[in-house]
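Same chain, two partners: chain A is paired with chain B first, then with chain C.
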Partner chain A sequence: MKKVILTTILLTLLALPALAKGNRLTCSGSTTVLPIAQATAEAFMNANPELDISIRGGGSGVGIAALMNGTVDIACSSRTMKAKEITQAKSKGLNPTPYAIALDGIAIVINSANPVKNLTLKQIRDIYTGKIKNWSEIGGNKAPIVVISRDVASGTFEVFNEKALAGAKVVSTAQLLASNNAIATTVGNTPGAIGYIGLGYLTSSIKSVSVEGISPNSASVKDGSYPLARKLFMYTNGKAAGAANRYIAFIQSAAGQKIVQEQGFITLN
Partner chain B sequence: MAALLGMLILPGLMAAEEIKLSGEMWNRWTLEAGKAPGDSSDATLRNNFSLERGYIGLEAKFSETIKGRFTVDLFSSDLVKDGAGLKLKYAYVDFSNLIPLPDLTVTAGLQKVYFGTIYDWSYNLIGKAPSDEYKLANSADYGLTLNGFLPAGWGEYAFGVYNGEGYKNYGANLKDNIDPAFLANLRLMPLPGLTLGGSLMTNGSERRIKLADATANSSYNTQLLLDALLRAAFGPVDVWAEYMSKEVSFADAFSAKNYTATALSVVPCLKLNRLLGADIDLTGRYDRWDETGNPSNKNLLTAITGGVNYNFMHDDSANPAMQLQLNYTSKTYDEEKSAAAYANGLKDTGTLMLQFKWRFSNTIKA
Partner chain C sequence: MKILKEKLFQVITYAAALFTIASLLGIIAGIFGRGLPFFGKVSLPEFLFTNSWYPTHAEQSFGAWALIAGSLAVTLGALAIAIPLGLGSAIFIAEIASSRLREIAKPVIELLAGIPSVVYGLFGMAFLAPLVRQWFDLDSGLNLFTASVILGVMIVPIVSSLSEDALSAVPHNIREASLALGATRAETIFKAVVPAAKSGIIGSVLLGFGRAIGETMVVLMVSGGAARIPGSIFDSVRPLTSTIAAEMGETVMCDLHFQSLFALAILLFAITFVTNLLSEAAFGKRRHG
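Let's turn to the complex of A and B:
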């Protein structure tokens, strides 16, 4: 009898944290995914008032590390996990599982007063590595180029670095900013500036240029012709279950994808 | 010394686009009691506070594919001369663009030794990794390695050539050693939570023929080091098991000194954060070090450790910035098989250690 009581107490103690977490969901990571996560969480909580979804930014790398440390249920990421991260996660007994929630293009943005309309990938690389320093070298006004980039925790930076810079070093004079919003604001306030942001952060005070002659829009991102197109992800440990599963399924549903579109991103289908 | 170090690294750092400054301090209290066979009671052997490690690191990112790391260990303890010391722990550069293979890095300089668990030993327990504890391999050495990750998280690998003498040894016998050490390491993760690994390293000590008088050197030996690793991490339970062997071969004329030593280490950890809501781990360790084949230092040691970790002040990624560790370790030598070791001054001991670790890091953008 004592064994039964002891076993019951032990099992109850083990189950308590899981029960306590049943109505709470924590997400952290990519600042690009942040507006999608916030807007969909708000809609999902309205429909499910018993749920409490907490959303934090920090960058894709921060979210993935938090998932590996077991402190969040969902890591938001604007890039796929690296082999090193997957290896570390698996060694800890975790099985990071990706769920695509939206498509995005990394928009190359300049001040709305800048007449430049198109850049090639080589020109973008040369601007970001400091070889091209003045807009007049690429058909613009005679004005120095102010290069603005993202910090290292940013998944957007990693994708941009891989697809546009091919791993080249960003010029040391570049301003490194911590969020899409900060880049959009700075480019809007700086006539000679160039930056890159998720499509959802485009505003009227900045303009996006086409890359290799292709504009970042729904069609070019979906068919993959836009050179800086990518998927946005949510990662869970193992197959999403419970509230996490319901929340991600909501984002992937027609209602969720409508919110994705409202936030300025591209739907999956 | 500081000025010299500054002169050496500053030019490199000036070229970096980003520099991460980090530190990790290990403040420890050690109370150790022990006795040799025949002693009637334990004697207190140690009772002291120390800064066992004081790592200060600079990581310079020159581009997305080239990064450098420089770490010194400033330690302070009444066990060392002048009560303090400084060791250069790491000074290397990672090139991930030299060989066009994904996730492959070429590392040059004073770096990690990818043998067994020594290169990613997380110090869940206060003690060193088994291969470090029993002097099979050094935690850092000068050399050149290719290290990388298999696709889709299937594992990792490393191949390297090192001096083979570590980063803190010195003396004429090291100067005489002209044979490099070669290393191969592979870890596979067939499924989440299960890691299988193996390492092989060849090394040598001293020079076959003495330079001074061209006679055979009785101390010259070659070593074959092997390591097999199993890690199972499921839910709150994480268990490492490691088996190592060290085969030491002397020149033919001195082959009577040949021997093989083995070590078995099992390190379980139970993470209680989900249960208690606080980041607390229960840790343990069982070691069996068998050096009974070594004529000059026969010993068979059993070491058992129990401990608890309390992690707090976490950063944004939930990594603990502060950790309090309490360990008790009992080391017992087999009396019959350890005569030589006892003669060398070893004693059965019980050691209580309380350690407070704290870390910081900050990234400075150029």
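Let's turn to the complex of A and C:
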């Protein structure tokens, strides 16, 4: 009896991938895009019960590598592909195609007890390179600045590095935290802290400052006046076809963009 | 038929052991295969002894000394907490507690080992770090001290349970002889029993060291992550493990930065390998001597 059960289980396990293949869509990549991908996939699967979409995180680099190895159908990325990755793809005869699915602003956040309201890009750069060390130098209380940055490989850091730091090196005393949530928590319970996070992660215990006089919100990100903004992407090998095409078209549609907004991100138009 | 069954059983256990060893070799080959090419581009002394970790900057630099110092500092800090706590509770359980209390205390301490490290990390980040910041009037609570405390509590069960095994294995006649010579209970414990269990205790500490230096989640969440040599116990540090965990996800596969993370992994592997060899030697000595 036991053997029969065991054999049945084994056979089912073996047969599962074969059965599922036709209507199965796999995505992996950026943890920033993850909430959008999960929420839209749920809605899309509700409307199309025959489809099975599985979403994994891992990071933009992991997703793009998986796409090139053929282990996923869609790579989620919070950055455009780098020159090296494009060369790798070309050498494999692949042509990854980007589809913008949402916009995201990067908010400069400080503790809610901090009176500072606005920072210029130059001030932000000076804080992160260690030239400005005390809040009193930029109109705040007399308290040392606790500089908090993201891990240098994250897409969020990359946008911050390009647009705010202009490639300058972050001072080595800066703390490094590995996620948007970790930064929000830490800034929330550290009075002198400054950090940067995706707009979707703002909470009540922290506040965002305006940059060059422009506060981060959906209007200023959309019209491009807020300087620290980026697009979020999904990549497919070649032009998206079949289920992948339908899924991406759904995210870009009005219904999909409504979910994007509910997840705290900014719609494409 | 019986012989056949016996043979089959042997083959299965043999295959299981072989599979474990094969996966170890596979991991070693994977890490070294990806990490070793890194040393063709960056020299070993530069990697080990310079102090500037900017792997994604336009002018990349891969000086891991601050990360190594971070790992060692956090681990030594954790041992400074775990040795007194672990050894103390081991002595209490093995030598002082009544047998009923022992039945309760031992599993409770070992329960600490069953808490997932991400839970320790959350506790440290959301609860202990703000307290540490207030108590010591610091700018930030995510630092070497907080990470050491959390990590120390995490490895107490390792130090305590293995030390307790070592203490319990000391033959009773040693204690009786010591007491018969007029030594007090404290003298007997510290001058007769603990020295007799010395190699087992050292082994437990080394295993705790190996566990602490390899721990990732807690240090990623609690140690702050500044890549510099700590000047005080309240500076924030970035250990090797959290660097690998934080940077692996988003990096471009197979470029120099990717390889550098595997080079860090080789370094960690070498450290834990040597530690395990040493603790194996310490335990071995006890078994044979």
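The rule is simple: the second predicted complex is superposed on the first by the 249 of 269 C-alpha atoms of A that agree within 3 Å, B and C clash if a C-alpha of one lies under 4 Å from a C-alpha of the other, contacts with A are read in each partner's own complex, and residues count from 1 in each chain.
In this text, a contact is a pair of C-beta atoms (placed from the backbone, for glycine too) under 8 Å apart; a residue touches a chain by one contact, two chains touch by 3 or more.
Values in this document were obtained by computation on a predicted structure and should not be read as measured data.
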{"item": "Simultaneous placement of chain C and chain B on chain A, clash or fit", "value": "clash"}
{"item": "Touched partner set for A:234, first chain B, second chain C, both or neither", "value": "neither"}
{"item": "Which superposed partner A:176 touches (first chain B, second chain C, both, neither)", "value": "both"}
{"item": "Touching partner for A:197 - first (chain B), second (chain C), both, neither", "value": "neither"}
{"item": "Which of chain B and chain C A:260 touches, first, second, both or neither", "value": "neither"}
{"item": "Contacts of A:144 with chain B and chain C, given as first, second, both or neither", "value": "second"}
{"item": "Which of chain B and chain C A:94 touches, first, second, both or neither", "value": "first"}
{"item": "First (chain B), second (chain C), both or neither touched by A:70", "value": "first"}
{"item": "Partner chain(s) touched by A:154 [first = chain B, second = chain C, both, neither]", "value": "second"}
{"item": "Partner chain(s) touched by A:58 [first = chain B, second = chain C, both, neither]", "value": "both"}
{"item": "Doubly contacted residues of chain A, that is, touched by chain B and again by chain C", "value": "58, 61-62, 65, 82, 84, 151-152, 161, 167, 169, 172, 176"}
{"item": "Residues on chain A engaged by chain B in the complex (per definition of touch)", "value": "13-14, 16-18, 28, 58, 61-62, 65-66, 69-72, 82-84, 86-87, 89-95, 151-152, 161, 165, 167-170, 172, 176, 238"}
{"item": "In the complex, chain B residues that touch chain A", "value": "17-18, 61-66, 96-97, 102-103, 149-156, 187, 189, 191-193, 195, 231, 233-235, 238, 273-275, 277, 314, 316-319, 363, 365-366"}
{"item": "Interfacial residue positions of chain A with respect to chain C in the complex", "value": "30-31, 57-62, 64-65, 82, 84-85, 88, 143-144, 146, 151-155, 157-158, 161, 167, 169, 172-178, 182, 185-186, 189-190, 192-193"}
{"item": "Chain A contact footprint on chain C (complex, rising order)", "value": "52, 54-58, 66, 125-126, 129-130, 133, 139-142, 220-221, 224-228, 236, 238, 242, 245-255, 257"}
